[in-house]
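Look at the two complexes coming up: subunit A is in both, with subunit B in one and subunit C in the other.
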Partner chain A sequence: MNRNEESLMISPTQLVFLVFGIIVGTGFITLPRGVIEKAREDAWLTVILALGIALVSLWLILRVASIFPKDTAITYNVKLFGRTFGLLLNLFLAGYFLFFTITGVRTMAEVVKTEMLPFTPLGIIIGSMLLVLLYCSWDGLMPVVRINESGIPTSIFMIIFFFSLAYPAADWHELRIPFLEGVTPVIQSLPSTSYSFLGYEILFLYYPFIFQKKKAYFHTAIGIGTAGIFYTFVVLGTLVTLGPNMAIAQTYPVITMAKIIEIVPRFVERAELLLIILWLPLAYTTHLITFFSTAFAFNNTFPRISLRWWMMLSLPFIFILSMLPDNLMQMERWTKVTGACGLFLLIGYPVLLLTCVFVRRKLGLLPKN
Partner chain B sequence: MVRRKISIMKMNLFGWKKGRKPKQWLSREKAALSSIALQSLHTSLEKNIQDITKQLGDNTDFSSRHLICIGRRVTLFFFQSLIDSNRLNECIVLPLQERREYRSKQEELLSRENGKHELLQEIQWRIASMADTQRVEEWQTAIQQLCNGKALLLVDGEAAGLLVGIEKTEKRSIEAPETEQSVIGPKESFVEDFHTNITLIRQHLRDPLLTFEVVFIAKRDRTQVGIFYIKDVTNPSIVKEVKRRLSAIDTDAIKGQVHLQELIQDNSFSLFPQIRPTERPDVTCSYLLEGNVAIILSNSAHALILPITFFQLLNTVDDYYSSWQYATLIRIVRIVSLVFSIMLPGLYLSLVAFNPELIPTRLVISMDAARTKVAMPVFLEIFVMEIMIEVLREVGVKLPRPIGQSVSVIGGLVIGEAAVNANLVSPITVVIVALTAISSFTAPIYLLGITYRILRFFLFLCSTILGLYGFILGLFLIHAHVARLVSFGVPYLAPLSPMRLADWKDTLVRFPFKKLTKRPAFLKPLQQTRSKPLPMESGKQSGDEDNQ
Partner chain C sequence: MKRWNKNVLSAIVMLLFSSILLAGCWDYRELEKRALVVGLGIDELPPSHFAGKEVRMYQIIVQVVETAGSSSQAAMQKQQQSAGYTNFIIQTPSITEGIQQIITQSERFPLLSHLQLIVLGEKLSKKGIHELFDFFIRFPQMRRQTEIIATTRPLIEYFTVPSTAEPTPSLHIASIADSVQQTLLLPESNLGIISKNIRNNTPFVVLTASLNKKGQIVINQGTVFQNAKKVGILSKSDIQNLSMLYGEIERGLLHFSCSQGKAALQVLAGNSKIRPAIKNRKPHITFQIELETELTEYQCSDIASFDSPEQIRRMEQLYSNMLEEQLQRTAKKLTKKYKDDIFQLTSRLKNHPEMYEQIREHPEQFFEQWTVDINVNLKIRNIGNVLKTFITLKKNK
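Let's turn to the complex of A and B:
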């Protein structure tokens, strides 16, 4: 019963919070502007559509994973695509999580720098966060899962409470009949919205540890669904309080929206700072899971080097790479590339895997279950 | 892939240390060795006397008595300082002297040295039957028990000895508990005497399935450690793990319960106690009934409860001796004061020094007015005051009780007042520091209070470096640390994580006893149900069934 021998079992509740924890992160701050820019008043519809797509791709991911219930994607990549191509795919997967962490940490650091610590160098903000991540993920998967499970409910509750204070200032006339400008703008903003739903591809890695595999779809769907509702709530809030024109003029509309909140009149002057404080835990859980997944994916690809060493080795890379982009615009480009890779992992990759399974079974190289 | 879960956690670059053994103290399964060699007794009394004198003869308080019983030579060894001399005379010496010569045919047989070796049995059953006796055949147990205050009786011609329990028992009377006081509950606490503590627990819980096992640990001291658990409730894997860890201890002596606690708890570097010490027998029994294991240690007035979770540490005995509404209220107050005592100085510093815009405008104006004459920066101001409070607290503990209390009260008043008047600190800093210090006294157990104090300094340091951001990172670190902890296989944050709503009935709130029908599930007890709901209307049957 040594700590290290603890059995890796993700319970249904833990799965819900794990998925929610990784999805809701930096997207929470960056999402509304991207959506409202194209879809304008229909932005909240886009979010709901993106949620639908996410649920479809979740089905695909779990369909693949259930073929190999005891293996992670790292193992079945090699089984399905052969050693070389499998290794490349594994590196792609690990690299994707690496860049997911990099872009996430940098975006968070930018927000913290502008709103909280204007005179502190970016390196210190990022470096301190990375050290915290290293400590938190040091003991493996279960502590990471437990951190999500015990931390998220409180911060969600507080954020919702906070936003419900913004709603009295809402102007509901900003909304209009859906699809007034046709379906095209809604569809056009779908890919960028889907970036905010990225994260549940961790199931490729953690599916073998899920306790109730048969109900995995249901539980993960609850996690994604909650995140979707939460996003809709935020986008709708931004829309009705700021209006689309105002919203797209801001870097982070959610923060601007928080500025109009007065918790108790003349009590707290800068409510948006309070929002950032409440948002930091959500960003941190996302970084934590992606950071751990990076090390986990690398460790599974190259098991000779232990998980803890992979954490230590990836740390300086994350630090240096996250310091490379000069400004937010450049960072945005990085995020887009990472997001595109994520979209491939969500839809293209499971389809590719399924095809490969199909072909291999036809050729008799893979036993049917 | 799942099977590799153990190896992935090791700090092992390129598999260099593949053959390295796991943590030594955990893997050492063998029982600890005694410092005395394992050697059997000899048939010749002279040889035995020679052996024991060689081992213990240098001790001035080691004595012996040579007697004759039924015509055969008998020698008694004991430590003068450890035995009760009245009982020695009453239980052994006088009965032996009465039977100097043989009286019957059967006794004549016993007197022959080369006859059947039955004299020792005769003494055990008939002559020295007033005291508890134990037959030994090797030196290790014999000498160990001599050191525990027993007398060793050797008979010429027999390769065995008899241990007679005539130890002197010096014990204080049972008093009211000092650190876990209760307004309504029973006023008795454990004492340093092992047997009294066993009696106290048995008196509070007269369950025939309450099992008590003794193990001896530490190779020199051979400390008695008692393990209590309820056979059909406690999860056997916890009991097994406790026994394994106890048997793996290989040290000279155990100095108090904190020593033992540090040796057997999962993470000895953690600030958070993963084992709960308690000085109350009633608390021990209520934990036993939930499915925990209790350990008692000789010469310690505390029982150790394990496994324990963070939320169990926040419960106090009065929660169960008062109405559930009051218990719930006081639990919430305790959580609030936990937040105060850990976070207040750090939060105050980061707000004042880094983000004053989060403080209400009017308050910030008055605070600034009060601070204009203060020369020191805020962090130094708080730090100095915190150190002062710690000094005063230490003084209160170290000085004799009547002086200590008055010195700390007067010191606190004078220093606080004078520091504000001399413009060394601002009044609001004094308020913050005092509020923090008072809040930390609500910690239900003493060890947790210390944890609060250290964490407060940690968060203060984090805020000094990075303001509010550092403060939040510090909170993340503490949260992650607590989430990482596991106490004997039970996650430390249960029932928050792993989440189980049924266990929340007795965590932050306390439901009425009528509703507390289940034992905490995180302990995985053998019997989940502890009580059946009371049928309020006649003829209405309760629907709940035992999970078992």
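Let's turn to the complex of A and C:
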């Protein structure tokens, strides 16, 4: 942590919006397809269960972070696991954020190209997004945090208002009494749904900057909870407007749902374009945090190269790698692998850290609080 | 360099740079260079043979609206002379290929995001529309509110029908379809609803347009599709009754006959709920229909005046019973004819697993066995400005 960053603090409100900003991004456009495929009419319950799991894993992450309140994971990885294994874990963490950015940016570009700019090359969409990311993250963590704080409330209010316009076309018969086909279908789709809650693992990096550390769980939980409620609203909306059979057959079910909306007949005919305009700020905040976190994690691992240099260096990597997959389906495979790594960071990694802390304390290598 | 000099210099560079970005699109295309497709008609042609295989052939009529955008005098004059639309008639094995042919025929780039109407030809409806819907669902520009109409006459007649209010026939038909769905108690017939039914493999009704003797468009029938193929035609009263059973009740008129003439009630609101049960091991469905109406015309003598609530209650009871009988008759007739879920019960039975499974897996068996009860609760909320009928005036004289 350098001197400038030590003086920075994330306020409770900023923490709520930062967490919400990173969680709600590109994933929710395709989320209903994955959840409804297995859980069918109970898909909204899966989202609520996944929210519960996220809150448990948040407790684990904060439990570890509170043992080292002034250190980022980059520092305590080396302290706990030694130089080599610690370095490998740090590279894993930085690489994870790198791929989180790559998959997110490409998915966003695919949606924009398909629905909005069919003749614009993917490279132009991705390139321009990356330049705006670089511009905002150039001056460090606080501009990133403030962009979330200032942009998210308006965006989320407008997007919820927009989706509400689809609800009058809802066929509520598409819903069913919960668990009519047992609990198994709901649980089967839990792992893929949990991917949508990924993002709050940034606390491994930014916990030292949180202003009220004792209330960190409460404030982060508000951010995650709001994202969970938003997801439930979107999944429920897709279910009742499209029905399960239609929803699972669509590439972007949420956009198909938006196509139902007709604000003024024959005036605003393609409402899904409005959705994309409202959604882009949400996608942008996610990319911004993951992009900054990539450079931040690399900079903390190799402090000799400055944060700005890491940003500049990662930019062409993100651009080239995001252009590599041939199509959206190949990209989704990359997203699944990144999601699996994210699940490890949410549950496996904090458990591993806690075990290591416990063993080191038993051996007297780490002082007890 | 002084600090303010630096700032001024960077401001000039920024302004110059932003002027490049704000000057407009580099790949813009004038509106008249785009073919704005507003109507699409598709019908079946005799199949062709390609590499030893039989390939379905379609006749596609693409109606493009003509825009007035050119600044040249000649183009303006040509525009004023034209009918306001152009029909491209194409024979093709696929819709995409057909639409692409517009480029070679008109030098314009087709744009489908303003498509208002899809017209299905009779031969095509009989052979099946399953394959065609892949394009309509897959293509990102398609709107789910695009109206779909079935026809009984050659397609070209619909795409050249004149109208005083709307010069483009597709927009004229789409407006009529939209109005009748909102005012005549007819079910929705758009791309979203129909693609959902095709995906769920459930029967559906597409509103059907015909031409009267004056050559005007009339929408007063419905085409029934089973497995995405036309299997029958419904009369206006049948589709109105079905609409009531579905619960798709918006504003519309109900007509009742009496010995002297007719009585008409304007529907203000309504809903239909079902109460499923198993009776004697057979499915039994009770439709509970609630209607809020106002009296708009009364030529009958059953009730002489409406100055007491009892009289209105009597009338409500009378018309509730008449409507129950009418709906019961329609339900029996359609069950006997189609033996399938034309009543759109499948999704409404989701909370009754036993019946849901039967209706999904063996619809024919379900509809052979089912019994129906219909309860109508019709309320007259407004009787208009007349308390005593003209029949009483006659008697007094």
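For the reader, a short list of remarks on this structure follows.
Quick note on the criterion: the second predicted complex is superposed on the first by the 363 of 369 C-alpha atoms of A that agree within 3 Å, B and C clash if a C-alpha of one lies under 4 Å from a C-alpha of the other, contacts with A are read in each partner's own complex, and residues count from 1 in each chain.
In this section, a contact is a pair of C-beta atoms (placed from the backbone, for glycine too) under 8 Å apart; a residue touches a chain by one contact, two chains touch by 3 or more.
Here the structure is a predicted model, which means the values were calculated and not measured.
By the document's definition of touching, of the two partners only subunit B reaches A:304; subunit C does not.
In the superposition on chain A, A:270 contacts both subunit B and subunit C. Contacts of A:127 after superposition: neither subunit B nor subunit C is touched. Of the two partner chains placed by superposition, only subunit C is touched by A:242; subunit B is not. Contacts of A:256 after superposition: subunit C is touched, whereas subunit B is not reached. Of the two partner chains, neither subunit B nor subunit C is touched by A:225.
In the superposition on chain A, contact of A:177 is made with subunit C only, not with subunit B. Contact with subunit C, but none with subunit B, is seen for A:41 once the two complexes are overlaid on the shared chain. Comparing which residues of subunit A touch subunit B with which touch subunit C, the overlap comprises 266, 269-270. Listed in rising order, the residues of subunit B touching subunit A in the complex are 1-2, 4-15, 22-23, 26, 237, 241, 266-267, 354-355, 357-358, 360-362, 466-470, 472-473, 476-477, 479-481, 483-484, 486, 488-489, 491, 493, 496-499.
Within the complex formed with subunit C, the subunit A residues making contact are 41, 114-115, 118-119, 169, 171, 173-177, 180, 242-243, 245-246, 249, 256, 259-260, 262, 265-266, 269-270. For subunit C in complex with subunit A, the residues that touch the partner chain are 27, 113-114, 116, 137, 140-145, 178, 192, 195-196, 199-200, 347-348, 350-351, 353. By the touch criterion stated above, subunit A contacts subunit B in their complex at residues 1-8, 11, 13-14, 70-72, 75, 112, 116-117, 120, 124-125, 128-129, 132, 135-136, 138-140, 142-143, 146-147, 149-151, 208-209, 266-270, 273-274, 277, 280-281, 284, 299-300, 303-309.
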